[in-house]
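One chain, chain A, appears in both complexes that follow, with chain B as partner in the first and chain C in the second.
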Partner chain A sequence: MKTAPYLLSLPALLLFAAVVIVPLGMTVALSFHDWGQYKGIVPVFILKNWREVFSDSYYGEMFWRTFRIALLVTLLSAVFGAPEAYILNRMRSPWRGLFLLVILGPLLISVVARTLGWALLFGGKSGLINAVLLSLGLISAPLPFMFTETGIVVALTHVLMPYMVLAVWAALQRLDPQVENAAITLGAGPFTVLRRIVLPQAMPGILSGAVIVFALAASAFATPAIIGGRRLKVASTLAYDEFLNTLNWPLGAAVAVLLLVALVLIVFGANRWVERRYAQVFG
Partner chain B sequence: MRRNGPLALCYHALFVAFTLAPIIVVCWVAFTPEGYLSFPTTHWSLRWFHAIARYPEFISAFWRSIGLGALSSIIAVAISVPAALAIARYRFAGREAFTALFMSPLMIPNVVLGIAFLRFFTEVGLGGTFTGLVLAHIVIIFPFALRLTLASAVGLDRALEHAALSLGASEWTVMKRIILPLVLPGLVSGWALAFINSFDEVTMTVFVAAPGTETLPVRMFLYIQDNIDPLVTSVSACVIVVTVAALVALDRAYGLERLLVGRGGNDGR
Partner chain C sequence: MAFLELENLTKRFGQQTAVDGLWLGVDKGEFVSLLGPSGCGKTTTLQMIAGFVEPTSGAIRLEERDLLAVKPAQRGLGVVFQSYALFPHMTVVQNVSFGLEMQGVAGAERAKRVGETLELVGLGSFTERFPRQLSGGQQQRVALARALVIRPRILLLDEPLSNLDAKLREEMQIELRQIQRTVGTTTILVTHDQAEAMALSDRIVVMNKGRAEQIGPPYEAYERPATPFVASFLGKTNLVKGIAVRPERISFAASGLAGTVRTRIFQGNHWLYQVETSDGLVTVIRQNTGEPMPVEGAVVHLSWMAG
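On to the complex of A and B.
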């Protein structure tokens, strides 16, 4: 009887041990190996790659850009996504179900197709928005979008926004509408209700959504690769280049491991902070 | 509950426009009759949809994606069922650690997993093979499969099993006639969610796939990296139509909200 749960989880455990734990361990080991243009990967233990990542300002700048983009995307998603979740929550069926599908559905549509849409909207002179603004005479030159940080931030916000709406929506589901009604009966204005009743209860959802969006934005690949191109690199596109173009796998592994460690620290730290904060309120 | 005011509805309209704009634009450009990227207004044409047929690598990548998604989702669901039963029904040492491990592909960036898989598969001789792709996809879609199988395993009423057993049914009959029909909707939705996630995955797969084993999103991504022309918009339009059809079907069958939030839709309202 006591062995039953272990036997039942055995297939999944074996799979994860072989295809997750071992490869991750190998990647960490890889980041300590040596590499040369002609000698390839040399399995020795050296700190060369780590020294390079930490001392070369190129990598510092690139990581700073990665996290700056992720932070902006998180802020934008929270500021625009949370109100939308609240509006959705106040809708009646069938509109609610319909718009929930419209807003959450894109989550499952190919990231490549969605990013392509942004490239078509803003890319160069032929981009739809630039063409309209140019023909109206509102701008004299096309707005820069491709190969800019703004472009990456806008497209990534679009890609990751549904996660924020989803998280806030889930938090609002627990909200008792009678509390809002009680506040109104007691003479609170709509703004006071929002600030004193709705926002505090939506906050755990906003914070957990923020953690998800931040983690996904900092490690996003397809969107920064398509919008940022070769010129504007973030951690994931840099690792990709090291692996598939330069073929300096040990250096790419160091970048990837650093990204993983930084993200795990940030996500765990944020989660603990959120839990402590709300343990005081709800505990 | 109060209704949304006009201001809120305006905001909502803008938000929906923002959400849909890039998707609509892709489908719109796909109908251009021109040889370059343009927004058709008076003349529409299917030439770029016909053009897909001349690019066999897109067709073969599409079927590979379908096969890969179907196969890896079936295996992921099959492995997740016993694990879900263990987690739902037993209290054992390591239960939390197991759950965290099985959910970890959601936490580990896909780019890191891609790199780890690339290194591992190259070392064990699976580099660029379809087997490698299947293994990698099973891992990354496993959390989605597990979440839904776990939800149905938790929802199982054990009294039903005890009743069947006490009425003389064998363990196997209980499994076949009681448990399986009860968890089947959860399994099918878990499979569907896993399939969609596998079908759309690009970040991890771009590391693992080789020229002979590219999936459709990888093929599209590599194509866009070189140049953006109407062909890739018509391919994207097809992908969008397939995904939306699957989404609507899934929403009707199971409820998108339940699928994504992980619990009953309008309970308590």
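On to the complex of A and C.
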């Protein structure tokens, strides 16, 4: 066995271990430690935190909400992002660049600034859109947005849509434009071409986009923290609160590790499924 | 009135004229090739017939009906694309049955016709594979079967053999000709390969800069080229003492135009010579009969029959 490649990759491996593996291992270890209001963290091996996370329905509800939001965000991104990518792909030179910039726009703005923008538009009676709609008499009470799941879903979809658009666009660029013409000469109408020819070929792109969007939505912190606040917690804001407010680090570690494990399982499972499903067709 | 009529067909892209007043009548069952260098307008002509490009002016009539008034999806033409354009997410059978599904042909009838067509193109045993699991030649056959299964009024072939290697291309030419004879579909082939056009067609249309320079049977176009362009595009031609002579019509003789052999290339079944004469370089092609041939630097005399 040659040792040179291993030796050469050693520095990178050490750095990776130092900044990822070790802290992760410490977090896992931390989740098995004890904690008390007055005694602080006690480095023993107990299952107390894990038992609490799995038995208390408060945590179950929190995780269920996290994945429900992530799933809705993924669905919305696919429903709006895939057609957006298709239209973008058919656009010509100056427009394509312009609209690509519009789509990527949200990524160029700090997540905090962008989310505060949503809060300015919809926050209570004084939010711009609510104020306008109220004064026009179109609504009798401000549209609920802050501290609602709908608000989190809308704002997260806004942020994460570009990832879906880019993934689908990449898939569409591999598509031979003559394939659509071939379907047309065989008698297919525009809708049939979209449904039977374009969509199935865009599917691997939609699915890989969905994996990215789902993972980012489930682990998002800033958006749910600003819009959901302390009233509507998700897994990541819960872990944050345990660490920095309650100071119950071991419990926060258990929540964080559980979120990580669940995400890894879901993402890997989805990836495996996509690869197996489309290996024969696209390779 | 011919089966398919192109009347003064013209297409301009901005300042560029791609097809310039093309007149062509194609009879039912005929195999016609549009032959020319790239940019001569042959592909644009095909795309106008298929309906992907709208003519600037002129008319296309199929069985005396205005074809331009019919949507591309309703024209009932079979097209084989240069890239084959197979549906990558469908198996061979699904690819071929797609057109029949669109026509609303019922399941049993559909399966029967798909099976027959796949047999016709020699793909009976690859039915459940996806396109990327097939070789180039097999993909080509699937594309042909997909176009033929709908029993098209016209079969349009856009450089269908250009992605195959030389040997396979020759095999497919023979097979394509046989299949076309069997089904009797009126066929229009677009190609830049003069050998392919001559091998397959009843008539060829030699195109240059958007115009048809000559329309006629391959033998006639080769033997009696209407313009210098046709003469130089269909095979090689020498201009010796002001007359055009095909290289294979020139032989080495005891007397005649004197010259020196500059290069001699062996090509298996024939020898290719460049002979320097007082009238410039002359290309000579001689069959390889096993006889000893003049070497480079040798002084030779060239003779040919006028005509």
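FYI, the second predicted complex is superposed on the first by the 270 of 283 C-alpha atoms of A that agree within 3 Å, B and C clash if a C-alpha of one lies under 4 Å from a C-alpha of the other, contacts with A are read in each partner's own complex, and residues count from 1 in each chain.
What we mean here is this: a contact is a pair of C-beta atoms (placed from the backbone, for glycine too) under 8 Å apart; a residue touches a chain by one contact, two chains touch by 3 or more.
Source: prediction; values computed, not measured.
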- In the overlay, work out which of chain B or chain C sits against more residues of chain A. B
- Task: Based on the superposed arrangement, let me know which partner A:Q201 touches: chain B (first), chain C (second), both, or neither?
- Result: second
- Task: Please work out whether A:S57 is in contact with chain B alone, chain C alone, both, or neither, and reply first, second, both or neither.
- Result: neither
- Message: With both complexes overlaid on chain A, does A:M26 touch chain B (first), chain C (second), both or neither?
- Response: first
- Query: Counting only touches as set out at the top, which of chain B and chain C does A:R114 meet: first, second, both, neither?
  - Reply: first
- Where does A:S135 make contact in the superposed view: on chain B (first), on chain C (second), on both, or on neither? neither
- Classify the contacts of A:N181 with the two partner chains as first (chain B alone), second (chain C alone), both, or neither. both
- Item | Which superposed partner A:Q37 touches (first chain B, second chain C, both, neither) | neither
- Task: Enumerate the residues of chain A that count as touching chain B in its complex and touching chain C in the other.
- Result: 181, 184
- Message: For the complex, give me every residue of chain A touching chain B.
- Response: 2, 4-13, 15-16, 19-20, 22-24, 26-27, 30, 80, 83-84, 87-88, 90-91, 93, 97, 99-121, 123, 126, 128, 131, 155, 158, 161, 166, 169-170, 173, 177, 180-181, 184, 190, 215, 218-222, 225-226, 235-236, 239-240, 243-244, 249, 252-253, 256-257, 259-260, 263-264, 267
- Residue ranges of chain A in contact with chain C within the complex: 176, 178-179, 181-189, 192, 196-197, 200-201, 203, 280-283
- Message: Please output the residues of chain B touching chain A within their complex, sorted ascending.
- Response: 1-4, 8-9, 11-12, 15-16, 18-26, 29, 36-39, 79-80, 82-83, 85-87, 89-90, 92, 95, 98, 101-102, 104-105, 107-113, 115-120, 123, 135-136, 138-139, 142, 146, 196-197, 200, 202-203, 206-207, 217, 220-221, 224-225, 228, 232-233, 236, 239-240, 243-244, 246-248, 251, 256-257, 260-261, 266
- Item | chain A-touching residues of chain C, taken from the complex the two chains share | 50-52, 72-79, 81-83, 85-89, 98-99, 102-103, 130, 132-133, 146-147, 150
